[in-house]
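We just call them A, B, C and D in the order they show up, numbering each chain from 1.
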Amino acid sequence: MSLVMDIWTICAVSAGALFFLAGTVGLLRFPDTLTRLHALTKVDNLGLGLITLGLLPQTSSLLLAVKLVIVWLLVQLSGAVVTQLVAGAIRQHGADG
Amino acid sequence: MSSLLFAASVFVLLTVALGLFAILRRSADVDRLMAVQLLGTGGVAILLLLAVASEMPPVVDVAVMLALFAAFAAVAFVRNASGVSREARGE
Amino acid sequence: MSIASVFDIALVALILAIGASTILVRTAFAAVVMFAVYGLLLSIAWVRLHAVDVALTEAAIGGGMTGLLLLGAVARSRSDDVDRVRVGYPVRLAAGGLCALVVAGLAIVVLHPPAAVPTLAPVVMENLPPSGLGNPVAGVLFVFRALDTLLEKVVVLLALLGVWSLAPDRAWGGTPGLQVYAKPDPPLIFLAQLLPPVGIVFGIYMCWVGAKDPGGAFQGGTVLAAMWLLVIVAGLQKAPAISRLWLRGLLIAGPMLFLAIGLAGWVFADAFLAYPEGYAKPLIVAVEATLTLSIAVALAMLAAGPPERAQQQ
Amino acid sequence: MNAATLFGLCGAALVGIGLYGLITNPEPLRKILAFNLLGSGVFLLFGMIARRAAAAGLGGDPVPQAMVITAIVVAFAATAMAIALVQRLADETGRASISSDSSDAVDGEGKS
């Protein structure tokens, strides 16, 4: 059972890390500010979610596992709203190339 | 397992560093707003990985703190960036 | 080389790069953003140094609150980099040389630790059980060096007095200049309605858990302060005038209770700031709870700056 | 080299970076930032001392750690005070820089 858990952790954490890489590649390659913002927030949140899911079986207590999920939800929520705000600021200033 | 999670945290740290570099290369102020946002997700991921890898559960609290204050700082920055421009236009 | 040291080296390199860019970047706004990023990164460094209490404080104050504080200043002095006086090349070279010397001196100290490293950790752990606390840092802050903690509160209050007294005469007793610049912003209002409940629960949790695990009154108070400021910035609530009695009462409640318990220690435990046997933990929790509120109000008011508008009657 | 030494060196370098910014940057706000950077370098040095003194089952000596917590809060209060002063100065004089009027290079440093 523990082997299955470990394999799950390895898969999910690696996938999450790859999403972080994808987000960074997007930041480097995308042409304008708004698309870069898109790359940054969506992809990174997905990466964080996968990492959280991967870490869940490794936690020592249920409380800790619940806390991990709460952290992810918190980042999701604030990330989504902050992205809106940043996008609004960008639209106001005019996106640059 | 612990060293594997450490390796993952190194990887995420490097992508965050690269992302910061990409953001800072641009000269516009609004682009820089994204740096805090990047630390908000990337930093939390790193801290969660560290918490499990080094078996220090209280580190998860630091991750919560980081998430809260990254959002707070980002709001302050955005508010500021947009507030000033509106003031300048006399609205 | 272990994978942990690879992480540390990468982190140190990133911290140094961000720190240097804080100095070198052109506009003041960018420098402040970099400083917030720097604070968040530094909290990861504190985790690596096994100082989770410090990591919590640094993430809250270094990352968030200082950022807001500095931003207020940037927004009001938008004259940056237009006709900036640049320091000449020889001076910069001399300064660089001087700083390199300082760094070299410090590095020598760092690389040559004393043969027997002095430590107070065993003494702290030995004397911690009578206080009923489980977190050694909280033990140091509220039992062994309680005087420092009390005086620190006084310093924060004095700084706040200093900030307030820098207000122009017509604004004395008025509202801090944490202006709501723009029209109401739906996403921001949404966030300001949703985040504070989470933040307040977390702040109380920090204060509560501080007796046993990393956390405490400072960290909890800073979270509460940030949530209050968020609500004010979103325009959901007005910043209070500094002449309000409840505001001033909250500000001094924590230090006063701390001081009262300290003075009572003279009577009941024959030393200033000593706790009577068996009552240490409840007293400390009471002090921490009130201090959390006082710190929250004090930090929020410090970040909001001196009053700018006279109070409307 | 262990982690404590590495972060100690990082702290030393940050002190240098902060000091450089403090000397060469004429804008008061940037000086305050640089001073904060310098301060956090000193805090990291404390962190190194605490980590090296790990004993009795703790990850570090709690006394320097508690001192750093106090120091961070006090540094914040001092920063708030400094910013209020700078702002009042700017309001009174209308200048955003504390260098003297001549753009002479040496003055930028000397008058701060």
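The rule we apply is simple: a residue touches a chain if its C-beta (ideal position, glycine included) is under 8 Å from a C-beta of that chain, and two chains touch if they have at least 3 such contacts.
Nothing here was measured: the structure is a model prediction, and the numbers come from that model.
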Farthest chain from chain D, going by the mean of C-alpha atoms per chain?
A
Using the touch rule stated at the top, which two chains are linked by the largest number of C-beta contacts?
C-D
Chain B to chain C: how many Å between their CA centres?
19
If you average the CA atoms of chain A and of chain C, how far apart do the two points sit, in angstrom?
28
Computed distance of Cα centres, chain D from chain C, in Å:
14
Cα-centroid distance, chain A relative to chain D, in whole angstrom
32
Multi-chain contact residues (two or more partners), chain A:
74, 78, 81-82, 85, 88
Which chain D residues sit where two or more other chains touch them?
none
Enumerate the residues of chain B that touch no fewer than two other chains.
16, 29, 33, 40, 64, 68, 70-71, 75, 79, 81-82, 86
In the complex of these two chains, what residues of chain A are touching chain B?
6, 9-10, 13-14, 16-17, 20-21, 23-24, 27-28, 33, 36-37, 40-41, 44-45, 47-48, 51-52, 55, 58-61, 64, 67-68, 70-71, 74-75, 78-79, 81-83, 85-86, 88-90, 92-93, 95-96
Seen from chain B, its contact residues with chain A in the complex are 1, 4-5, 8, 11-12, 15-16, 18-19, 22-23, 26, 28-31, 33-34, 37-38, 40-42, 44-45, 48-49, 52, 55, 57, 60, 63-64, 67-68, 70-71, 74-75, 78-79, 81-82, 85-86
In the complex, go through chain C and note every residue touching chain B.
2-4, 6-7, 10-11, 13-14, 17-18, 21, 25-27, 29-30, 32-34, 36-37, 40-41, 43-44, 47-48, 50, 52, 55-56, 59-60, 63-65, 67-68, 71, 74-75, 78, 179, 181-182, 188, 191, 195, 198-199, 202, 206, 209, 213-215, 219, 223, 226, 229-230, 233-234
With touch defined as at the start, can you tell me which chain C residues reach chain D in the complex?
4-5, 8-9, 12, 15-16, 19-20, 22-23, 28, 31-32, 35, 38-39, 42, 45-46, 48-51, 53-54, 57-58, 61-62, 65-66, 69-70, 72-74, 76-77, 79-80, 84-92, 95-96, 98-100, 102-103, 106-107, 109-111, 113, 117-122, 124-126, 136-137, 139-141, 144-145, 148-149, 152, 155-156, 159-160, 162-163, 166, 168, 216, 218, 295, 299, 302-303, 305-306
Mind pulling up the chain B residues that touch chain C in the complex?
3, 6-7, 9-10, 13-14, 16-17, 20, 24, 27, 29, 32-33, 35-36, 39-40, 43, 46-47, 50, 56, 58-59, 61-62, 64-66, 68-73, 75-77, 79-84, 86-87, 91
